[in-house]
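To keep things simple, chains are lettered A, B, C, D, E, F, G and H as they appear, and every chain counts its residues starting from 1.
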Amino acid sequence: MNVKEIERILERYRRGELTTAEAARLISEWHYEDIGHARVDHARAARQGFPEVVLGLGKTRRQIVEIVERLVRRAPNVLVTRTDADTFGEVRNICTEAEWHEAARMIRIWRDRTDRGRGTIAVVTAGTSDIPVAEEAALTAEAMGNRVERIWDVGVAGIHRVLAERERLRGARAIIVAAGMEGALPSVVGGLVRVPVIAVPTSVGYGASFNGLAALLGMLNSCASNVTVVNIDNGFGAGFVASLINRRHDEE
Amino acid sequence: MNVKEIERILERYRRGELTTAEAARLISEWHYEDIGHARVDHARAARQGFPEVVLGLGKTRRQIVEIVERLVRRAPNVLVTRTDADTFGEVRNICTEAEWHEAARMIRIWRDRTDRGRGTIAVVTAGTSDIPVAEEAALTAEAMGNRVERIWDVGVAGIHRVLAERERLRGARAIIVAAGMEGALPSVVGGLVRVPVIAVPTSVGYGASFNGLAALLGMLNSCASNVTVVNIDNGFGAGFVASLINRRHDEE
Amino acid sequence: MNVKEIERILERYRRGELTTAEAARLISEWHYEDIGHARVDHARAARQGFPEVVLGLGKTRRQIVEIVERLVRRAPNVLVTRTDADTFGEVRNICTEAEWHEAARMIRIWRDRTDRGRGTIAVVTAGTSDIPVAEEAALTAEAMGNRVERIWDVGVAGIHRVLAERERLRGARAIIVAAGMEGALPSVVGGLVRVPVIAVPTSVGYGASFNGLAALLGMLNSCASNVTVVNIDNGFGAGFVASLINRRHDEE
Amino acid sequence: MNVKEIERILERYRRGELTTAEAARLISEWHYEDIGHARVDHARAARQGFPEVVLGLGKTRRQIVEIVERLVRRAPNVLVTRTDADTFGEVRNICTEAEWHEAARMIRIWRDRTDRGRGTIAVVTAGTSDIPVAEEAALTAEAMGNRVERIWDVGVAGIHRVLAERERLRGARAIIVAAGMEGALPSVVGGLVRVPVIAVPTSVGYGASFNGLAALLGMLNSCASNVTVVNIDNGFGAGFVASLINRRHDEE
Amino acid sequence: MNVKEIERILERYRRGELTTAEAARLISEWHYEDIGHARVDHARAARQGFPEVVLGLGKTRRQIVEIVERLVRRAPNVLVTRTDADTFGEVRNICTEAEWHEAARMIRIWRDRTDRGRGTIAVVTAGTSDIPVAEEAALTAEAMGNRVERIWDVGVAGIHRVLAERERLRGARAIIVAAGMEGALPSVVGGLVRVPVIAVPTSVGYGASFNGLAALLGMLNSCASNVTVVNIDNGFGAGFVASLINRRHDEE
Amino acid sequence: MNVKEIERILERYRRGELTTAEAARLISEWHYEDIGHARVDHARAARQGFPEVVLGLGKTRRQIVEIVERLVRRAPNVLVTRTDADTFGEVRNICTEAEWHEAARMIRIWRDRTDRGRGTIAVVTAGTSDIPVAEEAALTAEAMGNRVERIWDVGVAGIHRVLAERERLRGARAIIVAAGMEGALPSVVGGLVRVPVIAVPTSVGYGASFNGLAALLGMLNSCASNVTVVNIDNGFGAGFVASLINRRHDEE
Amino acid sequence: MNVKEIERILERYRRGELTTAEAARLISEWHYEDIGHARVDHARAARQGFPEVVLGLGKTRRQIVEIVERLVRRAPNVLVTRTDADTFGEVRNICTEAEWHEAARMIRIWRDRTDRGRGTIAVVTAGTSDIPVAEEAALTAEAMGNRVERIWDVGVAGIHRVLAERERLRGARAIIVAAGMEGALPSVVGGLVRVPVIAVPTSVGYGASFNGLAALLGMLNSCASNVTVVNIDNGFGAGFVASLINRRHDEE
Amino acid sequence: MNVKEIERILERYRRGELTTAEAARLISEWHYEDIGHARVDHARAARQGFPEVVLGLGKTRRQIVEIVERLVRRAPNVLVTRTDADTFGEVRNICTEAEWHEAARMIRIWRDRTDRGRGTIAVVTAGTSDIPVAEEAALTAEAMGNRVERIWDVGVAGIHRVLAERERLRGARAIIVAAGMEGALPSVVGGLVRVPVIAVPTSVGYGASFNGLAALLGMLNSCASNVTVVNIDNGFGAGFVASLINRRHDEE
């Protein structure tokens, strides 16, 4: 914890230079815990309105467990993405409420289940193989207080499949579309609705899909104007932004 | 106009198979005018809640003018992107309210100026050279009923510049960040706010910027979770999505 | 003309080593005219069943005119692709039946208008900007004896536009789809019909379209199994292959 | 199964709004079974004229088996591509007629062996290493009712090898050419015949072959006009399109 | 050892053609030991002022051990990069002072610990996952006689974290910044200080990070003018150059 | 000018919360002038120790002139890079001391010519065509208080040319090497000296040089450990960093 | 064996249409053995003057063994590249003279050791890690009748190492240079000699070496005019071409 | 001219440290003229056996003329590549024997026309559009003392065209093949002959040819072992290497 910075702010507050609101915000910003390999950021929720997330990729198991240990003391909801079942085993020792989601390779601690959304978030996949990425998005959106509609396997080569889901799509306030291969589904969905569509290219495919690059480029060039894009396989990011869009005013 | 389809819907309506609401929606979907080289879509506003936009790129001047001619009869607001001053000259002959925006290379017909937003949209640039793309976004957002805050030249190599604008950034409900070169600004802005950040890579730069590719990749890999990305130089798309996010409930 | 090779074949024929059919085929294969910078191939029609085509790209005006001069003496139909109006001027001096097609930048000499197809060929574009490439395909298919249906501006962001054309699409024996940007249309069309779909990526677009690369990759990764792809902007190739597919048995 | 949609169509039929033919087609289009992770499409055969195919890639073994279970009840012929011997073991438990093709890594259920082709389909490889991909194409074409000629190892560095096969090549109505490395063989074959050539780049090679990219680019730039291309290693797609081209009229 | 060349230099020296200084320098340049698979360069220290380094990548264990064997006889400090624990086991048999650094996968023999620097070198990471590369840089800089400040996990999405370290950053004479994902940190750091910043892209990330390419491009396009770049994951190179910059005059 | 921020700092200073030094530094950081399209940063010199630089690329002539107008009032030395002779004409109207450097396409105002370096900076090119980029580096280094040695046309295919310059190279405290084509020269130079080498790839070349990409990759993969790299054609950046390295202690 | 073609040639010979020399050449061209998965080309030696080579990559062990079995009956020297020790085990059962070269992963049957070269071939590496590829080249050149000089580890960062080998380099009639990383060595060697230099990029390196792409581009852009390039890691190809260049007239 | 180095060598020669031959060689190596922007290398002929070549690309007209001025005094043959007709005008003022070759954009001074070759060099193109690059190769080879056979427009889509030239191809001692598009011709030619084939990719093509990249990759992956590759459009380099291969012993 960066005590010195906090002290400095408090002194200014005592002298009346800062209002209570200003002081609070400044403190929230400087408030993180330095545990050597990482600066655990208890303030991110305050700044961003949501629980802390640990990107498992590139961290050792021990590093992940140490970070989670700090986070579970204060944050009701914690997500660990891109991790494995063995890490989950150790995390469950710390927090028995942890859930393991095999397809998404994600650990979720979901203790605060308040509904914070204006409407639903639809999560859509082009094919069966895109489900793991879509699940990462759906699990994230749920942990952030949203009702989620899962709509799987409605790729454009059988256009009637997505048309049959028009009602559920139009009922959503934000839509996430995960697709590999040519990445065409977000454009079609985008043309059917009036809300933002967050496209997630998946690394599903082979040959000239170049691990999701084809889908990524397709989505960036979408002819539907309501489509934005996140990184290949970044289900978490898509779930996060969709949650921000769907948030009720009083939750912001 | 696709009369046959409309007739079919009407007959179903007369037989009582469709409610008035259903019939209206179906008609709105099939309602476009076929002028040979283009299908002018008078229904897009109904489907998407916003005026029609003409992407000038790849169309001849005559094609653009013909399409605008059809649109101005029904849509109060019309945008023509990626066009030139000579085309503007001809468009002004059709519609004297047309404005020419040199930096953004955009024609705007902005007759309905109703405020439809919940809050403001901030449009931010890393440098002076990113202004044309940012202006395209800002002009679009305005035409779609939003108040826009323009914040120019706050790139990350002088981090105090963006920090000095924290208040205006935190006041916005959606933020557009246009940046070329390394594309780092969206990550910094994303970390400062709780709202969605739409990153627009610009083709500004040289050498290994590869016409915006470096910025695009940087933005896709942003470590801030509230960042989504649109195509290089796609100011229009960014303005469009930000407008959807900022829309008031009663406007949706 | 490669006289020596022909002589050798004739001698073998006289000695009875070759049947008449064999000799004819061999001669047709060796039969070209060497005019220095090019080997004008009067036999290609015999080998491929279609008129000669001159790719204008990379040839000087004089070279094009010299080649056309040789071809018009024997072939009823001649195409010059990727050329310009000035070259057309000189070609018309040689052959008054030459037509100039501005959008496609193509010279067409279309003297034999026999219908050789089993059915129609549909040529489809996603947007107005894809028409030049689609026209190259359509003009080629017509010159090769096909009836052509042109279906313009039915891109996937307004999915009802392509659905409205289902009947015409299903009436075709081969379909050409030209699309830039994300290149999603061939997948949707492919899913609606039972015939081969030839996808032509166009270089229309900007930013991460990389001059047609995004559309190309999208098409190669199409989730519809009846889609094959030709080079970016290669309308001619698409028209050629569609003609081969549509050819009547007795024309083969 | 999407019962509601079917009901709606039936009601329109009862009221006489739809002819029998129209109703049948509409039903065939909406007819799929939703099994959670996938929408099994019993109608694809009706729409495309061929059996269902399961792309194994990215699906769990259990998902594949569940999908096959549904398909074998109605479709005489079923293909599972990009799968493994263990999955085959489980599939054989469901359907004893399943065959395992090691080289192509494909499961084939081939119960309806009617000949539906106008002529033969030739499947050609440049080298021995291209055989797995070519076999996928050949097995597909056979399952779709075609006679197949396999011509292996006739790469262009020994041009006499492909010339020696000219007769068999000219006897085919569609030709598939699988080649890795420089991907030159389709151009040579294309120049020898009057029928469509479907080029399949294979990921065979090393270094600057970039896993088939070199071959893919070579084929897209083919100087033979009758060549179209499918994705790297997409033997199935090549076999599928060749079957469409070779189909007899009465089978269409 | 290249004896002949040395002899030639000595003869010239004896004849008075070379001053003592000239002869020494020439000898130092030609002085290496040829052990078959490698030319062990005992003179590099003389030429470059620093110990010998063995790049483990692409060498067999035996080759590494043989080279180290030669080096430890003369050089006080030796580094082996990109190696493994088993190789370390064999190296320790030769030299008991060898240390194993797991995170950096580096063997270090650090016998001469003289301080040769003008000030400190700061080594900074954007995230926890960048530590292995940063450690390689830090260990190198230490072995080359520098005091090192390690500053971990101060990525730009929480800009206050790096601002909180301004003092330590401004105290350094050279700064190394290791970052994956979007690679934005070097630009921010570069804007805060007056000294050279050496940016090391790391291969941390997924999807469109393309194994560090996104970070590399971001850094090359940095809008801060004091940033230079080394290869992806090249912690050693960054540590080496930072050491050269920080070297005291009398050490040069 | 951001007056409010300055006021806030001054108040804290008056209350004794800040020492004089602290207040000065804070003020220097917040001190920029907002002229609409740009934030002119009079403090950069304070932060970085060097004059302001205007990157001409992507700015209109008028914008450049306005920025220069502000800068020349306070900064003795100003550089405008990537500009043209006409802009120079207008700049000279504002400041008669401005010089035009045609090869480098650079405007230089060089009024303070104090020598601030510890030694010389060598600027080296592989070929004649690399001189424009190298000149940009040399002009920058001079304007920043350094003596510069220009060594042109010593590419590696005539290795004796660079060896003949060994003495001048070894006399430098920092070396800039500009090279296009294969970019091999920095590695050779790097092996000859003990100081940092800043490699600048140039876009000179054709074909597979891909506008400097080949040189860039070559330099990033240099086998000499003392080489770092800047963006393609970034002569300015190279000159800037070399100046930082060469700066005397008392100038820092 | 393609008997029919041979018969046809023989008949023409009997009729006197072909001279003995012509008939022999024609037969040699058509002479290959079809063993199902491969067409074993006993004539390649006749056409190319060298033994048969089997590229192991992409072939099953059994396929390799079957091909070698055919070849060893007629060709004195046989090479199998990119294979493994187990395949060697089976090949040695067929031919006890087979040698296994671990570094190059190559099987060599070298029974005819006649010297066919005009001079020596020098094979040079930049580093120790390039030796496997260089060995493949050296072993090939030896099997084709050349004396080979191996010169290892003379990379350009220690330029004196390659200069020390000038005499051996100048004694060669063709030089092969294998280098990874920046691929600069061929340019330096090329500048020192008057003979063709065949550059082999190796996939040695990391990060922005992109598995040899950096070296490949560097070599293609070499500023030495006597450098040509083969595929990444293609030691065999380099050895083959060097052998052609070095061949004595009477061997051609 | 680097007089000092020459003096040093002469002194060693006088002292008897160097033989006459050694001294001559050393002097020839150090012998170049420094004219400021370039080091004119009068010794290159001595080192490489051929006249000096000026790469026009990236040099100003004045620089080219100054360099040529120096060269024509001593070298009988001079080539200027990638230049223009106006530069030729100025060069002719210096040397009336200069020839202008429009297609190749090359100036040639060809005063010494001695035949130095063992046989002929064949220069082959796939199409008419490849002739400019091929002419650069042919003009170079002629200036270097070779007889050249030009064989134009024999691309692989009409394989009989190249087969018809088998005799001329087999008569050559080195073959240059220039091809754009798929770059397949070198593999076919390589399979027909026993001599080295130098492949020159040309930037002819469109779309996925990526300015010659497709042809380059095709050639690098050639399945013919006697093919090496030079840079895209590098006709000069191909002509140079072919000349080295064809050189008679007594000319080396």
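Definition applied: contacts are C-beta pairs under 8 Å (C-beta built on N, C-alpha and C of every residue); 3 or more make two chains touch, one makes a residue touch a chain.
Not measured: the values here are computed from a predicted model.
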item: Subunit D and subunit C - chains in contact with each; value: A, B, G, H
item: Pair in E-H, A-D or A-B that repeats C-D, with over half of contact pairs matching by residue number; value: A-B
item: Reference subunit C; chain at largest CA-centroid distance; value: E
item: Mean-CA-position distance for subunit H and subunit D (Å); value: 48
item: Centre-of-Cα separation between subunit F and subunit D, whole angstrom; value: 59
item: Between subunit C and subunit B, distance of the C-alpha-averaged centres to the nearest whole Å; value: 38
item: Separation of subunit B from subunit D, taking each centre as the mean of its C-alpha atoms, in whole Å; value: 42
item: Subunit G, residues touching no fewer than two other chains; value: 127, 158, 180, 191-192, 205, 207-209, 213, 216, 220-221, 225, 231-232
item: Interchain contacts (touch definition) - all pairs; value: A-B, A-C, A-D, A-E, A-F, B-C, B-D, B-E, B-F, C-D, C-G, C-H, D-G, D-H, E-F, E-G, E-H, F-G, F-H, G-H
item: Subunit H-touching residues of subunit F, taken from the complex the two chains share; value: 127-131, 152-154, 158, 160-161, 164, 180, 204-209
item: Complex contact set, residues of subunit E against subunit F; value: 47-49, 53, 118, 191-192, 194-196, 198, 216, 220-221, 225-232, 236-237, 240-241, 244-245, 249, 252
item: Contact footprint of subunit A on subunit F as seen in their complex; value: 11-12, 15, 17
item: Contacting residues of subunit H [partner subunit F, same complex]; value: 2, 5, 29-30, 32, 36-39, 41, 44, 55, 57-59, 63, 82, 201, 203, 211-213, 216, 231-234
item: Residues of subunit F touching subunit G in the complex; value: 126-127, 155-159, 163, 180-184, 187-188, 190-192, 205, 207-210, 213-215, 217-225
